[in-house]
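Letters A, B, C and D name the chains as they come in the text, with residue numbers starting at 1 for each one.
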Amino acid sequence: MNWKKRLYDIVFKTDTRAGKLFDVVLVISIILSIIVVMLDSIATIHQEHGKILLTAEWFFTILFTIEYLFRIYISKKKFNYVLSFYGIIDLLAILPTYISLFFAGYHYLLVIRILRLLRIFRILKLYRFIGASSYLMESLKASRHKIAVFLSAVMAIVVIMGAAMYLIEGQESGFKSIPESIYWAIITLTTVGYGDITPVTPLGKALASVVMILGYSIIAVPTGIITAELTRKKDKDERDRKICNECGCNDHDKDASYCKVCGKEI
Amino acid sequence: MNWKKRLYDIVFKTDTRAGKLFDVVLVISIILSIIVVMLDSIATIHQEHGKILLTAEWFFTILFTIEYLFRIYISKKKFNYVLSFYGIIDLLAILPTYISLFFAGYHYLLVIRILRLLRIFRILKLYRFIGASSYLMESLKASRHKIAVFLSAVMAIVVIMGAAMYLIEGQESGFKSIPESIYWAIITLTTVGYGDITPVTPLGKALASVVMILGYSIIAVPTGIITAELTRKKDKDERDRKICNECGCNDHDKDASYCKVCGKEI
Amino acid sequence: MNWKKRLYDIVFKTDTRAGKLFDVVLVISIILSIIVVMLDSIATIHQEHGKILLTAEWFFTILFTIEYLFRIYISKKKFNYVLSFYGIIDLLAILPTYISLFFAGYHYLLVIRILRLLRIFRILKLYRFIGASSYLMESLKASRHKIAVFLSAVMAIVVIMGAAMYLIEGQESGFKSIPESIYWAIITLTTVGYGDITPVTPLGKALASVVMILGYSIIAVPTGIITAELTRKKDKDERDRKICNECGCNDHDKDASYCKVCGKEI
Amino acid sequence: MNWKKRLYDIVFKTDTRAGKLFDVVLVISIILSIIVVMLDSIATIHQEHGKILLTAEWFFTILFTIEYLFRIYISKKKFNYVLSFYGIIDLLAILPTYISLFFAGYHYLLVIRILRLLRIFRILKLYRFIGASSYLMESLKASRHKIAVFLSAVMAIVVIMGAAMYLIEGQESGFKSIPESIYWAIITLTTVGYGDITPVTPLGKALASVVMILGYSIIAVPTGIITAELTRKKDKDERDRKICNECGCNDHDKDASYCKVCGKEI
């Protein structure tokens, strides 16, 4: 079935003129549909233009549903697509509207469509971006054990500090329960500092100061981990060294034509 | 006493099936007991289910007390265990309930039990995590002098800036005393920014801007220290070194032809 | 026309005594004119000294207009100057006053004159500063793809988290619409934490905690990217390389005995 | 005058038993005097114990004045001491009390005495700390041009963003003047986020989001600068390489006894 193959190329690839056009139209539709959902969430706009926005939302949802079913239809290995990252995103991007028929309000989850925009990188053939993102992902993956240890330490600090503040501050000043105090400890340690819960007793303020300085200092740890990993990876990538078959010296630059030790051609 | 040895292996180690099971049950008990304490601190839940939670708390405390005594009993070197890091944590994890008999409220300190969860790393045989955490600890240890100098500088800045703001702002706008002003300086320098104390005079705002930009810039210092340490350690670990078959010295450069210690060819 | 060339040197260069003097007077005028605009924006000062400030503003604007026209007049390649970075800044620095004749208030945009101060670096002959800034710009440029990927990820997180919070918190507690919730997510993720919008439901606080810890952790990513780039650049700059006298290639390792390009002994 | 030399050693050095004792007593006096100033600033304590604290303050001030005069007296090069860093600090640490005779309240500046505590590092013979701090100072010094460029950029951003917000938000919502708006821009860019001034218009919130993300991202720049500098310095320090007199190879480890290239003893 040649036409099925051609449709597949148009829908899934961007090599052809038609394939590129298809993806551009798709991206514009996605952006428009997200704007529709956002506008609908603003009370005054919802009251005035609610019906138009609802229509637009259903229009995009039906469009994306057809597209989703079409993608399944033209895929050879249907399950591969359905269970792939993009397949799941494509499904999640249409479900909320149908769910909103039964549970009002859930259609706001449609913003998950923003993940469909990841296709943008493919359309623009921005291989550099894909390279950059896989580079970052690898570095994060390589540091995952250290980051897990760091997050465990953060967790232990906020639980203990939260409970201590609950005891010190009493229930008057916003530290109403241990979970609430832990919430405060997270706000403080991460240096967000909303200020909706703040200590009022001198001892509480002293302990809060400790948490702040701790948070201010230990942010150095994840930064150090990621940076060390990125630096190392960079070093590794750049160390593409040639080997001389004559003397065996394996420390030549990539652009070397002659061995720097024995002078033989490489 | 063979059974004592076997019990020791079950309680302290995780190699055997029974040992693993024991640790899993323990970890679940710890998590449940922390949840009980947290729930009890929420006023509405305390009022309704206070009695059940109190019973649960005493149940877990007695359980952990028996476990603690049992651990002492089966240890050969009893003092070694009692004075070890885990031994002290195990004791601190049961004391608050008993203290709460005399001083109401102190049972909330039971959240210190979260430190007992450090055993999780052992159960899961996550040596990688232990490796990662010891790696981080070493780096922090190696930079402790620099971090101490940094914290001294931070301390001097917040004291002087706090006193200056107390003078500038007067007592009207939250800067009620020098300690209070120092508390504000810490909030500002660490970029937490609760907003419970803020300057109102133009000069105060100018000085606050200086503190903010200072805090925003000098966070680079601890980050730089930790990162440089982590990068250096990484470099050292990864620099694959040659071994001399003659004297066994394993710290030669990759391009070394002769052992730097005994002079023999490698 | 010799006098035109000499005037060009005075206005555009700083080698001559007159050229230096011209630039110093210019910088002082720019600073004074910015102070005038700032003072004028303070209501009490505007009421009392409004007329004097308006006169001063027009004085500086006319001065800079004359200077701008003069710069065009004495330039040989007039379009080159008009379309250059400095040429555009020079134009933008006078336009707001004229616009304010038709649209009141727009003269505050005169603060854009601060960009004219970039000339300061030239006056002070601070080549080191120019070197430092071009060094930083290059590093930022080299990391632009990674930073774009990072910002895309941040964008996706704040949109999805914003919509989720809008659903969870309902409209009572400040999360009035999805755009408003996205604004909150940005405030929280970047650890700014104004506290003008804060979650009130337990589930909302839990999700907010996730956003905070996420923001606290992922700040490591841009830091890591920039640091790795700066470190790499530094390494490259400092790695003193050997030069081959035969072919002139200047990129040999320190321990190279033969040119890697032509094979001659170095 | 032998006794003058001996007194000099006691007061200025810490080698002798008496010299050490002198410094310890001094440090304790300094800490006590700072605590007195801090306590005096708390209104309730001032009312009750004001007289005792005033007496204590004068006691310490007179003590330090005698010490200061004594230090001048026993110094051979009197001006060297008076104009040295410590000499100036010692003077500043006694002046505020005398000034407070004429201008009430200025005695709070006595907290500058905290700088006298820098002597602690000398007393404890903590050469490591001195090494660590000089190490940090050198790195900061080496990056001062880049940091100056960075701060200039920050300054330009906050001035332009501040003026733009003043125009957008109007005077109702806290953005009362351009300097006030610049203050807001600094609060936001540095991620402090007090929340005392926050945008209320949609456009203002959008621009604020841009400032936040900018602030969140560019913090990477000073961090990267300092880290690259610290890493480089570390590399340099560790690269203490030996040279072989036989073959001239200059890339041997510090602990190498034999040349790794020709095998000769170094």
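The definition used in the following text is that a residue touches a chain if its C-beta (ideal position, glycine included) is under 8 Å from a C-beta of that chain, and two chains touch if they have at least 3 such contacts.
Bear in mind the structure is a predicted one, so any value in this text is a computation, not a measurement.
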{"item": "Classification of the chain A:chain C interface as same or different, half of numbers criterion", "value": "different"}
{"item": "Pair of chains joined by more contacts [C-beta pairs], B-C or B-D", "value": "B-D"}
{"item": "Per Cα centroids, the chain farthest from chain D", "value": "A"}
{"item": "Computed distance of Cα centres, chain D from chain B, in Å", "value": "27"}
{"item": "Centroid distance [mean C-alpha coordinates] between chain C and chain B, Å", "value": "40"}
{"item": "Shared interface positions of chain A, touching two or more other chains", "value": "150, 179, 191-195, 215, 219, 223, 225, 227, 231, 251"}
{"item": "Chain contact topology (line, ring, star, complete or other)", "value": "complete"}
{"item": "Touching residues (chain side chain D, partner chain A) in the complex", "value": "191-195, 223, 227, 231"}
{"item": "Chain A-touching residues of chain B, taken from the complex the two chains share", "value": "34, 37-38, 41-43, 105-106, 108-109, 111-112, 114-115, 117, 126, 128-129, 131-133, 135-136, 139-140, 147, 151, 154, 179-180, 183, 186-187, 189-196, 215, 219, 222-223, 225-227, 229-231, 234-235, 238, 254-255"}
{"item": "Contacting residues of chain B [partner chain D, same complex]", "value": "145-146, 148-150, 155-156, 159-160, 162-164, 166-167, 171, 176-179, 188, 191-195, 198, 202, 205, 208-209, 212-213, 215-217, 219-221, 223-225, 227-228, 231-232, 251-253, 255-263, 265"}
